[in-house]
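Two complexes come next, and they have one chain in common, chain A, joined by chain B in the first and chain C in the second.
The block that comes next holds the complex of A and B.
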């Protein structure tokens, strides 16, 4: 059974004058093995939704089921790995090694297995072996992020949920992370990634869930989403429609630089042939 | 909700409108009242005063609960200490300690005082913007000759309000760390002491980073700790003077008659 969210409503500061309804009657399903992107502007309620899915918050109304169990239920323990927003502020162990080993140890693995898992996880995210024995507080921001992700991956969760993991990473870091996610996904992990930039997920995501003012504004495939009126189109798509406006008959529904490049190339070729 | 601890709730009420200085002084007067109270009747009187103020401030009951809840463990510890380590007439005795009437009485008194202090402080913080509290503290301290001690009243006020501002931040971070641990398979109901030891070290380390960033950000924007123009000028109204007058007479008669 997949992740099922049904009629979920959530308000912060209930019963005070600051009461703030953040999520309003959400219903959706994430199928096993899918890569889902949750999009939405800041404050749309993405992180709140994540907290509900992992069971750290209880919905005012409605249910969240993971594999048929309530979120936060004992039997779900270890099947969901979460990378929260600001993971660099959530490290807590004396050494990086201990931090990565924390999850597997809690799940009751033997020392040998734990060691293997720590090494594998740090290799996947590209965390340097020589840093494993240092204190996590001495790392740079990007390294702390890698470490936090390794800590989650070491549990080998069935579902992986990430809250804006690329924020604050440089271009290489982003690319590395995304290709890692692609790899993890191809091995069968269900991934939900929260982001406010669709462009970075175009080649990875299969499903898009667009949150707006606490409701689901859109749920469907990436292709459908880009044609959806209120979506933020990637810059390259804007560029193509600008070209179109100015009389160049190119296909404007293209979303990556590579696609656009070949489209323009073939257009130019065609025009040159026409001239000749 | 940890981040609701002593926070401000916008609203419209007589208490919201009062000058922060009035509210600060009132808090001071009520603290005297709370500390002078010993008997049940006296605490009842304090409670009635609190109910009255809470009623006109229109603050919802849950807000007080938010302030009290994180401190419950602390209250309990104090209560147990008083209960176990006060000599007097025994009620029950254990292997080598005994619970006494005096201990029970002292324990209840100390707890009641703490609870009332928190409640009155919550009235202040829930009806006054933090920046206004700073402003009020600064104006109250301004006439004091603090500058001979090398401190400016503005600096002191900023320090105080930053510390107040920092408390919810700490709770928030502690919660984030705990969430991260729980989501990685830690037993959420494991012992209080164990959680404290695993959370406090990263908490201190994160806080130091945060403070350093804050200091740099403030200095970058030319904060130098000296007196500067206030965004809001404070003004004592008729309602402020009347409130203070009522409070003072209340306190004097209370101290005189009991």
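The block that comes next holds the complex of A and C.
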């Protein structure tokens, strides 16, 4: 089992008057090759959970195992790529090119291989080639996000851990990134992604882990999640249940515009036939 | 006119021009949304508006004060404050309440007034229970609320919001929008920079930036009438997309207002249930 989280509890400022328990007795597994979405309100403990999985935090109680090793153990470091919410935290080189190349160079790849990896990774995230020689800190927020992700992808990690990768990206950037994540996933990478963008994610992810006040409120498939009576519904699902409240007997468990359109269309046609 | 932008050009050192000749006037009390793709110059424009950046050519007047004159800067920043995309870069103190007090302290506000301002700002942003926390231990949404409280405590006439919701969940966003509405009601001028159209449907005007120039100024309803939104990289809210599809199919025959998503939903439900 590649990622196993067992009985994990975590508090910030433990042992002080500001002690703040964020995660409470969490247990779950992520199978190899799965795309798991972590959802939950602000402050539910999502980002803390990711830091525990990549080994940046140690649990107060319980264990986090990656391929059988403790998270943060030397032997798992090259296998996990992580993109933080704030991309500036992981940019530091003089040029964007050097920033993307940093990972693969440190993993011991030859310069030519590294060059190829830089180009491939920047193409995947849609980072403009002409910006490769500029300073990372002159880029706009969205471009910084793409750059940080390119740096992670250049290492070709087995596990990709993403904290809100689409925030700050515009529509084109987001669409491009999500379809490329789908591609990376289809090639066998295990992905765990925190997001607030329900609709796009539900078409990509297989599993949903829904956190509430530091505990797991729901863990299951995407379809089960749509049917789960949580407060967090995609806009279309929300609208379809509103239609039901207005007496229209339509399927509520839909989340794409096209599905909703077909459902409403066939419902209206049926109603008209019944009238005739 | 509260804000006047006249033929403004701007380029970062050695770089290509980012703002390429912008003219825009904003009245006191207006809610203006500046929209456009990543890298189109939105954030640069917002930094030009309170003198963090100075135009390479052309000029910007805030309530008649030219941002290019260093002696005007303090007065300009009392009038127009920015809340940035990334809240963590704007914290300077170790607790939330001290951080909020930082602005008014630097404006020489008397101590007893400061505590009143801090309390009001905390209450406005529902952050009172976190007043003794270190800002960096808060979640992204809570941090952003702290940053907004910090700006509010300086009581500026105009607040510039630069992609402030990008780290918030739906609940956090709703809180911020409710708060912005409140600010609008008490007469504050609001300039809201975003690429997420659904956040600004109730703005008085849309200003669309493309590659450093303004190619659209007008109401949101007029904006949605443009037929090249997809090419412009505009993400149309899903309910609006659904409405357009039902309208084009002839299922919905009425033309509906699309400046408020929940009203649009309500109208659609009404029309469909009457069939």
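Structural remarks
Assume the second predicted complex is superposed on the first by the 269 of 276 C-alpha atoms of A that agree within 3 Å, B and C clash if a C-alpha of one lies under 4 Å from a C-alpha of the other, contacts with A are read in each partner's own complex, and residues count from 1 in each chain.
Here is the rule we go by: a contact is a pair of C-beta atoms (placed from the backbone, for glycine too) under 8 Å apart; a residue touches a chain by one contact, two chains touch by 3 or more.
The structure presented is a predicted model; accordingly, all values stated were derived computationally and were not measured.
When both complexes are superposed on chain A, chain B and chain C occupy overlapping space and clash. Residue contacts after overlaying the shared chain place A:86 against chain B and chain C alike. Looking at the shared chain after the overlay, A:152 reaches chain B, while chain C stays out of its contact range.
After overlaying the two complexes on the shared chain, residue contacts for A:13 are found with chain B and with chain C alike. Ranked by how many residues of chain A each touches, chain B and chain C are led by C. Contacts of A:257 after superposition on the shared chain: chain C is touched, whereas chain B is not. In the superposition on chain A, A:169 makes contact with chain C only, not with chain B. In the superposed pair of complexes, A:24 makes contact with neither chain B nor chain C. Legend: residue contacts after superposition of the two complexes on their common chain; A:215 is shown touching neither chain B nor chain C. By the touch criterion defined above, A:137 lies against chain B but remains apart from chain C after alignment on the C-alpha atoms of chain A.
Once the two complexes are overlaid on the shared chain, A:106 sits against chain B while remaining clear of chain C.
Chain B is struck by only one stretch of chain C after the chain A overlay, and of the options 61-69, 79-87 or 223-231 that stretch is 79-87.
Under the contact criterion defined above, the residues of chain A that touch both chain B in one complex and chain C in the other are 12-13, 18, 86. Of all residues in chain C, only 12, 15, 37-39, 43, 85-86, 88-89, 132-134, 137-142, 163, 166-172, 195, 233-235, 237-239, 241-242, 245-246, 249, 251, 261, 265, 268-270, 272-273, 275 touch chain A in the complex they form. Residue ranges of chain B in contact with chain A, taken from their complex: 1, 4, 7, 9-11, 59-63, 66, 173, 176-177, 179-187, 198-199, 201-202, 205-206.
Taken in their complex, chain A has these residues touching chain B: 12-18, 51, 54, 56, 77-78, 80-82, 84, 86-87, 89-92, 94, 102-103, 106-107, 137, 148, 151-152, 155. Those residues of chain A whose C-beta lies close enough to touch chain C in the complex are 12-13, 18, 20, 40-43, 47, 85-86, 88, 134, 138-143, 164, 167-174, 196, 199, 232, 235-236, 239, 242-243, 245-248, 257, 260-261, 264-265, 268, 271-272.
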